[in-house]
Amino acid sequence: MRKVSTTPAPSATYRLTEEQVLLRDTIRQLADERIAPRAAEIDRTAEFPEDIRQLLASQDVLALPFPTEHGGLGADLLTICVAIEQIARACATSSLILIVQELGALPLLIAGSEEQKARWFPDLASGKTLAAFGLTEPEAGSDAAATRTRAVRDGDAYVINGTKRFISNGSVAGLVTVFAVTSPEAPRHRRLSCFGVEVPTEGFRVARLEHKMGIRGSPTAELTFQDVRVPAANRIGEEGQGWDIAMGTLDRSRPGVAAQAVGLAQGALEVAVAYARDRKQFGQRIGDFQMIGAMLADMDARTEAARQLLYKACVEIEAGAPDASRWSAACKLVAGDTAMAVTTDAVQVLGGYGYIDEFPVERMMRDAKITQLYEGTQQIQRLVISRALLGREG
Amino acid sequence: MALRIVVLTKPVPDPAAAAEKLGPDSRLDRAASPAVINGNDEYLLEAALKLADAQGAEITLLTMAPAGGIETMRKGLAMGAHRGVLVTDPALGGSDVLSTARVLAAALGELEYDLVFAGFDTSDGVGGVVGAAVATLLKLPYLSSAARIEPDAEGGKVRVRRISPTGFDLLEAPMPALIVGTQLLGEPRYPSLKGIMAARSKEVVTKSLADLGLDGEQIGGAASATLVTGKRTPPPRAATRVVRGTPAEGAKEIVDLLASRRLV
Amino acid sequence: MAGIWVIAETNADGSLARSGAEIATLARSLGEAASIEATGLVIEPDPAAAAKELATYVPRVMAVTEPSAADHTWSQVAAQRAAELIDTEGPTLILTGAGPDGRDVAGTLLALLGGGVLVNATAVTWEDGEAVEMSVFGGKLVTTSAFAESIGARIVTVRPNVVTAEPAASPGKVETAAPKGELTLPAVVIVERIEEAAAAAPIEEARIIVAGGRGVGSAEGFALVGQIAEALGGAVGATRAAVDSGWIPYAQQIGQTGKIVKPKLYLALGISGAIQHKVGMQTAETIIAVNRDPDAPIAEFADLLVVGDLFEVGKAVLEELGARKSTT
């Protein structure tokens, strides 16, 4: 398990560092100039944007989550989230490339051996290999402990059988971190183990891709495993440690989804403000009508509130706060709902123009919905928070 | 031997923000607007970085600016420049062209270089005269309007394709030389994130006028040879007439306007 | 001895450049206002033709025969020779163009002589001294400046199209001057002059400009822009986006990093009017835009905006022009 740091939370975390500001501005420019012009087409064609992957790789964006000794940048969670936010402001699908690269690699960051890190991180950090996170199954969504995929030890290997569903980047990844049952009889949270499956490999198949409402350029795959042999050296962590690794992963990955949500809200807000400034009706700027002005004010205030909760959550989680799960769930809950509300209001501000693809806000609204669903639905986030408040019975 | 290149860079108000204004002293109010590296300087930095990629070069950024100038220099360092020199001194506020050129020449006097690069002009001053003045003060060969820069480190010479009214002039001069270049040198790269992380540890030396052996009475704002005597807002253009309709209707409107203004 | 001096540029064929004629006209009017003689300088390997032409604009021209300007960069040589003459006569004001050569001359002179320079003048007048207008901050503000007392050279670079070139009532006299000082600045040799087949007339001098932007979409798309320009007797211009896409040469680029123009008519096709482009063309007398987006920034400063497809409207303009021509 990732060691819980004893470093106290820094006292002054209310401004980004000079370096984080430069990084933010650089990615914003990159996103404005190179990603935003592609966003509508990525959405329309629903094709994975290989060019954007290359761009993010060449600018070292995909290296952010990985340690410096393995070719990464060793960025802290806040820095990663600042990057995700800026990409998502232009194109939520493109931001998912970084989000999933981190998500898929987190089991290794948390519990991988030095040998595994040295073997896989350099290609992940350079963007040569993409990662995916294989936890969810057709019958095991919110209830991850109900996983059915099996891994059976056979000599110096494991044989994996089962199906994973809703796997982001599942069809383009070269490394999938797969969760499978190794001890069916063990207590509920000791049944799973985690494996690094290098693909393509025999018995591994991308069964289908989903047709989605939003984030359409990010392939969401159903993956089937039929007698897939994985060397024992690819087991991440100990047998039975899978549940802890999965939950530890989500604690650190949910802020990434929150960052995507904040970026979406910010992007939609900016479009709405520009429109309200330019569009004239009844002889004046529509933004000068109080009803529109008030909407914009609320959109801005909500977005900023979500952003600040996210940034604070990142710092707390990075500092090893004992209630990391609560911070993680809270920032995703608030940011996801904010993204949905702000993008919906942006469509409203643009009126009929907001509903057609001439402007990006309808896409942003469709994209925003997923942030209320994945890496735990908003209901699951509330469950996590309420459990943190109440503690377990007895 | 790696080339040693000094790139002159200036922080300017971000033209995209369009927030420039004059302060009460009729000098540019630098606090009113976010600062960025002058766009035309980035082409030269890119040219230097390409030379570094191709044949190896040590790149130094030289900037004369208020102390905050170090922030925009960081971007240049993140793009790949190796170090920076920032000349900053309260006496330099309101410097005219000659003062600026003298300060830059004095700072260059303390550096070792084969080439000095400068942008075609700056988006705030738009004069495009400082480069020639610096070259003249230092008695450096001066090659301007460069579309391509080809140093021959072995031969100690540099060739430049200079944009001319009828095409290009191919110029040649011994190094060290000062080159003013253009957009044709190529689109500047984005700083990579590795570059941003590395920029933190790169050295930026700050120098005052006294460090350069210059006197704040003789140089800088106090010695400016020019003064602003008035300012006014240009009259707004007449309101735009917007025409929607068939292409033929639009075309008729255009040609009618041309005819009424005797342009056809 | 006072004077208002012009350092004139020439064309490749040795004739006077248009900027030279314009600035000489400006110098003459300043001279008349200030009761100071206006003097033109031509420094060339063979200055005779341009000097004679320049004398139609100013009362006095000094022609300097300078063989080394044939194969060395002109601005360096011209600035050194001009500096010698300025040292001797001490003119009140020295005018150059604001283009690449004029800037180089101005910067070099400034360093050789000391003094001050005011750049990119959009107007120069004389009321008890020079008043130099400059357009700053992307055209948001016009400032007026003057030189401080008792400085060295007082140099002004002047933008194209600030005045219309007009010959004087009677031509001036041409003198020859032969400054003989050593040329101390390092020589920069012109190894070769490369002519570009496509090099068009300088766009700064065009009375009518038809310009295309990102919306033109391709090099082929610029054929239509060219046809309209030809039909109107104008030149083709472009935005940086079009130049960066390789559809048209850099020489045609208008804006912050390209040329600054002031034509009678600017017809903008598929140009949004971003600030970087606007600063290059906003002083055009008449601005007409064709754009699909009625909210494009150019709607803020065009005289007429036709909302529509530039190809459809462009072709219709050609037809309309053809129809009117045939009926008149």
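As written, the chains take the letters A, B and C, and residue 1 is the first residue of each chain.
Basically, a contact is a pair of C-beta atoms (placed from the backbone, for glycine too) under 8 Å apart; a residue touches a chain by one contact, two chains touch by 3 or more.
On a predicted model such as this, the values are computed, not experimentally measured, just so you know.
Chain centres defined as mean CA positions place B nearest to the mean of all protein CA atoms. Set against one another, B-C and A-B show the most C-beta pairs in contact at B-C. For the pair subunit A and subunit C, the distance between mean C-alpha positions equals 55 Å. As a whole-number value, the distance joining the C-alpha centres of subunit B and subunit C reads 21 Å.
Averaged C-alpha coordinates put the centre of subunit A at 41 Å from the centre of subunit B. Shown for subunit A are the residues in touch with two or more other chains, of which there are none.
Not a single residue position of subunit C touches two or more of the other chains.
Residue ranges on subunit A touching subunit B, taken from their complex, read 18-19, 22-23, 26-27, 29-30, 58-61, 63-64, 73, 83. The part of subunit C that touches subunit B in the complex is made up of residues 11-12, 73, 75-76, 79, 100, 103-108, 110-112, 114-120, 131, 135-148, 151-152, 154, 157, 184-196, 199, 202, 208, 232, 240, 244, 250-251, 253, 256-258, 264-265, 267, 275-276, 279, 285-288, 290, 294, 299-309, 312-313, 315-317, 319-321, 324. Against subunit A, the residues of subunit B that register as touching in their complex are 71, 74-75, 78, 190-197, 199-200. The residues of subunit B lying in touch with subunit C in their complex are 13, 15-16, 18, 20-22, 26, 39-40, 96-98, 101, 120-121, 123-137, 139-145, 147, 159, 161-174, 177, 182-184, 187, 224-234, 237-238, 240-245, 247-248, 250-255, 257-259, 261, 263-264.
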